[in-house]
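Here it is, the structure in full.
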Amino acid sequence: MNKVINLLLIIGFTGVLLYASMDLPYRGSPDNPMNQPESMTGTTVAGHYYVEKAYKDAHTPNMVTVVLGDYRSMDTLGEQTVIFAAGIIGFLILRRRKKNKEDS
Amino acid sequence: MIVSDLPVLIPLTFLVSALVVTLFGFWKERWGYPLAVLGTLLAVCLSLYGFFQVMDGSMMRYEVGGWAPPVGIEFVYDTLSAFIVLVINSVALIALIHSRVVGKTEFPGKRGGYYAVAMLLMFGFNGMVITGDLFNLYVFLEISSLSSYALIAIGDKKAPFAAFRYLLIGTVGGSLYLLGIGFLYVVTGTLNIIDMSAMLPQVIDNSAVIGGLILMVLGIGIKAALFPLHGWLPDSYTHASSTSSALIAPIGTKVAAYVVLRIMLYLFGDQLVDIGLPVTSIVGALAALGILYGSIMAMAQSELKKMLAYSSVSQIGYVIMGISLSNPFGFIGAVLHILNHALMKGTLFLVAGNLREREGHTNILKFDESYRKKYPWTMAAFTTAALSMVGIPPMAGFFSKWYLALGTIQNSNWLLLAVILISSLLNAVYFFRVLEKVYMRSSASESTSDTERQEVVPSMLWTTTIAAAALIIVGLFNASIVAVIQHMIPAGL
Amino acid sequence: MNLTLVPILAVLVSLVAVPLILLSARKPNLREFWTIAAAVVKFGLVLTLIPTALEGESIRYVLWEIAPDLPLALNADPLGIFFAVIASGLWLLTSFYSIGYMRGHGEVKQTRYFASFAICLSSTIGVAFSANLLTFILFYEMLTIATYPLVIHSETDKAIAAGRKYLTYTLTAGLLLIAAAGITYSLAGTLTFQAGGLIPEGVMDQSTAIILFLLFLGGVGVKAGLIPIHSWLPSAMAAPTPVSALLHAVAVVKSGVFGVIRVVGFVFGPSMMMDFGLDQILIVAAGATIILASLLAFKQDNLKLRLAYSTVGHLSYIVLGAALLTPIGFTGSILHISAHATMKITLFFCAGAIAVNLHKKNISQLDGIASVMPWTMAAFTIGSLGLAGFPPVNGFVSKWYLAYGSLQGDMLIPVLVLVFSGLLNVGYFFPIIKRAYFHEGGSELDNHSEASPFMVVPLTITAVASIIFGIAPNLFLHLFDMASTAATSLF
Amino acid sequence: MTDFLLGHYAYWFTILVLAVGLYGILVKRNLVKKTIGLSIFQAGIILFFVAISTKWNASVPIKVKGSHVSEAANFMNPLPQTLMLTAIVVGVATIGVALTLLIAIYKRYETLDEEELLEKFQ
Amino acid sequence: MTRPVDSPIVVYGSRLLSPYIMLFGLYVIFHGHYSPGGGFQGGTLLAASLLLVRISSGSKIAQIQFSDMFTAPMAVVGVLIYFFTGLIAILAGGQYLNYELLPLGDMHGAELRYWGILFVEVGIGLTVMGILVSLYDNLVIGEDND
């Protein structure tokens, strides 16, 4: 019974994804919305902006670094916090109590 | 300077608290508690101040790093997010103050790390609420998720396994959400919520958009314990330590529900109708099923915390149902219920914590009259919260149900109206079952120690009673809250 | 004299007494003093409102908006004042009686009892003075919850089962009422009671109206004891007798019928009731309830149960009066609230006195008790005669107007129902009186005498009051004028 | 049709990876294998994002000194790649926490088989 | 894994290799502006260099190289570097993490951003290194008793 449900889940999941992928723009096509200089509502498209302006904005040839460290620096702070959290969690769950020192 | 920076300062307060707690907590673990409480208190003050800045419906858009929105990440601090931030921080403050003694007994030697992780949890939640960028939301989601796995793993013997299951399904949820972002990103080329919502009308018939919506709602639905994705919740809340459940249960699912609200009513908004898939009806039906399922399962439990956990499944259904109604009344009901349920569940789990601390168990079958004599105030708080859950006016719980009912009536959705009413009755059944035991069943042992007052220490008692009193106050003065909520109603509704 | 604050004070005074009662749990005399004091103050406050009611005016007091456009507001109109006078006046008597009963019975947990009682009365006055449906629901649900501890007071299995049944019925009813209020709000945009109906014309069609009315009827009908949904009432007789007396003769059930009157007169309005034929539903339900309840009363051997079924029947008199949709009918209906209250409370007081004094609860055990408890049985006789509709007890007056009202509305069947049920009333009360007066009592009666004055005095007062209001309905309290003012304001 | 296939086959492969990952999470009884399934699932998502960031005839988004190519068409979109850097880190952290929990579980119950664990709970 | 590996080649080989990996890690962090790399990648390499010694020489000896007392504080310091880089920008009157407002000499605009990115990358590197080592230490901690 469980197996059938699991199988159905997987099939359903795959089906949804396949359905969703049907209308995706062709992979690698330069015409994709995310590669356009301007979005359909006329706002800046981030991806294009980065390629064009990254060097000018931060004197850094590696655009990924600029995006990571500057444009989307809040993401990176969060990312660092995730790593930090993982470390603290490891400490929290696995460290034993030290027997000798414990504030009463 | 400070006012305009509030959107980013509120979450960062928790980050700093986490760092400070880590540094000092490693050195002396008893410092964890005061530092965490202090940090949360500061955050509550900031969010209160911020709430008054934007409660007239204005909005602060904060460009992190000085980059205008589609390029950089923006924080959106509008009335809604300010409200939710205030609610979750206040409830967290209450839960953290309450945890002083519980921490000593339930996870001795680990308090330093525990409070650091609790602060990180709040950092994640605050970030999720305030951020205006879909991917940034994912990052904060993962911070809060990782922290909540850890907090749940600190508990009784089964807790690590419950936490692991939660981790598995929760990470799948987070990943689904990320995949959903991916689909939307390919089609629109932006990650900013406001930017994207302006573009969606043009691409709404694209199957990738529909797939993205499904994946996002599914992923966040797991976090929000939307039926039938709630499987992780009961075990997690039951086996976690009292503090963890008092901290996560009122807040965690609410924040996720808030994200669902953002996605459905702000990102998609009135496009939900054009999408070619009855998303609102499906989500509403799931919410209704969840309400009934949670209530029925709650009736079958003999463990108080498990009962409360199933009741959470049912209560989150109210919020989601309010969202799925997508009309002003439903919106008001949903947002108000986020507040109300945070307070109610907070109170109930605090009561469970009090009982665990004193009695060592929360098995309903063992409850009897002596509990009322021993813990009159705790039990009064429990009664208040229970009546509120059932929806007796003037407790807070009645009013969110009232608005939800008005919402269903406005949509002429009689089935959902019936579900709301029936589930109130079911709530009554499982709460009065407990109340009957506490107030009526004569105690088995007649020793005098069973009739003397043994109320918990003040830090626990006061937090519990304040939370319970807040229920009545919120209920009586909910009109002023609703007046603020009316500023939040998105334009499309 | 400025009376604006009187309604809210009248509601609050017994709520204020609750913490005092709880705090003086260890000192019974002080505790009972608070109850009595609150009752006296409350009655006094309500009495000051009578002139206002006689002028047909109302005192409105808005506390604050509890939801946008839905204030928590009190409005003491003639109808509400009428009900409040009855409830608070009888609370005063019941408080004395309770002291005698509880002490005589040696009941436990008297503090909880008196505290709940005080909350109940606050809620009842709140129900009476509610200016809108939301406030009404608030107090109505408060009443439900506050009554629960009283129903399960003895904490026997039977009482707890009765409590569950009570909660199931009343909470369900509350939910139906909330649903109905929600629908009304979405239709009318307001919930403020308005003489002649708050729902504007033409916002709903026949089927909506019927569904809405049935929802309302489900909501208030449970407490009003309409027949398929009445069965909590006999079960709730497991409560102590003063509870049965006040709550199941005055406060709770009268809140229900009061709700029916509010719904008929102030939510739908007589003309809309007529247009959609809703009065037919109500007449059929009430008529059937009257007959069936009277028949069921015959079967009961337990005195309190017989009284309970009699209550079910008489509540429907009031409902029937409201359903007639004529000014006279309404007057009779409102009058019967007071008439039934005084008479039935007398009967319950008697039943309680007998139970405390002689430990007898069944009718078959009552042989010859009139010789031991002459005052009590005299009062009982007056009460039952009144219920059967004999002059000069006040039951006659209200019945007269009910019958007159139905004739005014060109309806004959209600009159027949009234007459038939009067006969049935005689039928089930007469055996009790006969046993008490004409059967030989057993030897166990020898060393008993009349019950304590705490109990006998109140029941004598109510019995005398029944007669006085039967002879002169307008004496002291101007009950008749108030009732007719309230009734005419609707048309 | 060919264009459609060429434009979409990469997506389908990532979907396949996702399905494999989900299979591991749902069906495998051993908790470590479940964790591996989770890892595969996340890898599928990373692949998806990397796939959408490609652009034909474009290079990695790093400007090379001396070359004066600066048209946007010559560089891939750096945004999905950056996002995936973040997602990878998040994934690592998640797996780290998962392993931490597994060790905690193993210390207590000496097994990592789901069914056995459930039996031990009874 | 808390005891040293038996083979001296592995032990000494890894000890020899460790500083070079560390150096490479630093290179990856600091050269992240010009080539693939940055804080995460470099921090991982730094952690790898430390873990190599921990695995080969055993946890006890490795304490001499890098004590497990320092892991968590180092991570905290890393996050603090990032946090304060942002906070200074606020104090200087800009938005959080707006590097253009860092009070660094007489530099302007893009140049400041260049340095700002470097600061946060260093912070990330420290955190990643500290946490990865700390995770390893915590994961093997149970083996002491086996």
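Note that the chains are named A, B, C, D and E in the order they appear, and that numbering of residues resets to 1 at the start of each chain.
One rule holds for everything that comes next: a contact is a pair of C-beta atoms (placed from the backbone, for glycine too) under 8 Å apart; a residue touches a chain by one contact, two chains touch by 3 or more.
Computed from a predicted structure; not experimentally measured.
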Chains partitioned by contact, subunit C not counted: one piece
Farthest-lying chain, centroid of Cα atoms versus that of subunit B: C
Of all other chains, the one whose Cα centre sits farthest from subunit A: C
Contact-richer chain pair [B-E vs D-E]: B-E
Approximate Å spacing (C-alpha centroids) for the pair subunit B, subunit D: 29
Approximate Å spacing (C-alpha centroids) for the pair subunit C, subunit E: 79
Distance from the mean Cα position of subunit D to that of subunit A, given in whole angstrom: 11
Centre-of-Cα separation between subunit C and subunit B, whole angstrom: 44
Where subunit B touches two or more other chains at once, by residue number: 15, 22, 64-65, 135, 139, 142, 146, 149-150, 153, 160, 179, 185-186, 191
Per-residue overlap in subunit E, given as positions that touch at least 2 other chains: 34-36, 38, 40, 72, 76, 79, 83, 86, 96-97, 99, 135, 138-139, 142
Sites on subunit D at which at least two other chains make contact: 18, 22, 52, 62, 79-80, 83, 85-86, 89-90, 93-94, 96-97, 100-101, 103-104
Every chain pair meeting the contact rule: A-B, A-D, A-E, B-C, B-D, B-E, D-E
Complex contact set, residues of subunit A against subunit D: 3, 6, 9-10, 13-14, 17-18, 21-22, 24-30, 32, 34-35, 37, 46-48, 50-52, 54-55, 61-64, 66-68, 72, 75-76, 78-79, 82-83, 85-86, 89-90, 93-94
In the complex, subunit B residues that touch subunit A: 15, 18, 22, 28-30, 64-65, 67-68, 70-73, 75, 108-110, 113-114, 116-117, 120, 123, 127, 131, 133, 135-136, 139-140, 142-143, 146-147, 149-150, 153-154, 160, 179, 183, 185-191, 195, 198-199, 202-203, 206-208, 210-212, 214-215
Residues of subunit D that touch subunit A when the two form their complex: 3-4, 6-8, 10-12, 15, 18-19, 22-23, 26-27, 51-52, 54-56, 58, 61-65, 70, 72-73, 75, 77-83, 85-86, 89-90, 92-94, 96-97, 100-101, 103-104
Subunit B partner contacts - residues on subunit E that touch it in the complex: 72-73, 76, 79-80, 83, 86-87, 90, 93-101
Parts of subunit C lying in touch with subunit B, wherever the complex brings them together: 64-68, 70, 72, 134, 137-138, 141-142, 144-145, 149, 152, 155, 160, 163-164, 167-168, 171-172, 174-176, 178-179, 182-183, 185-186
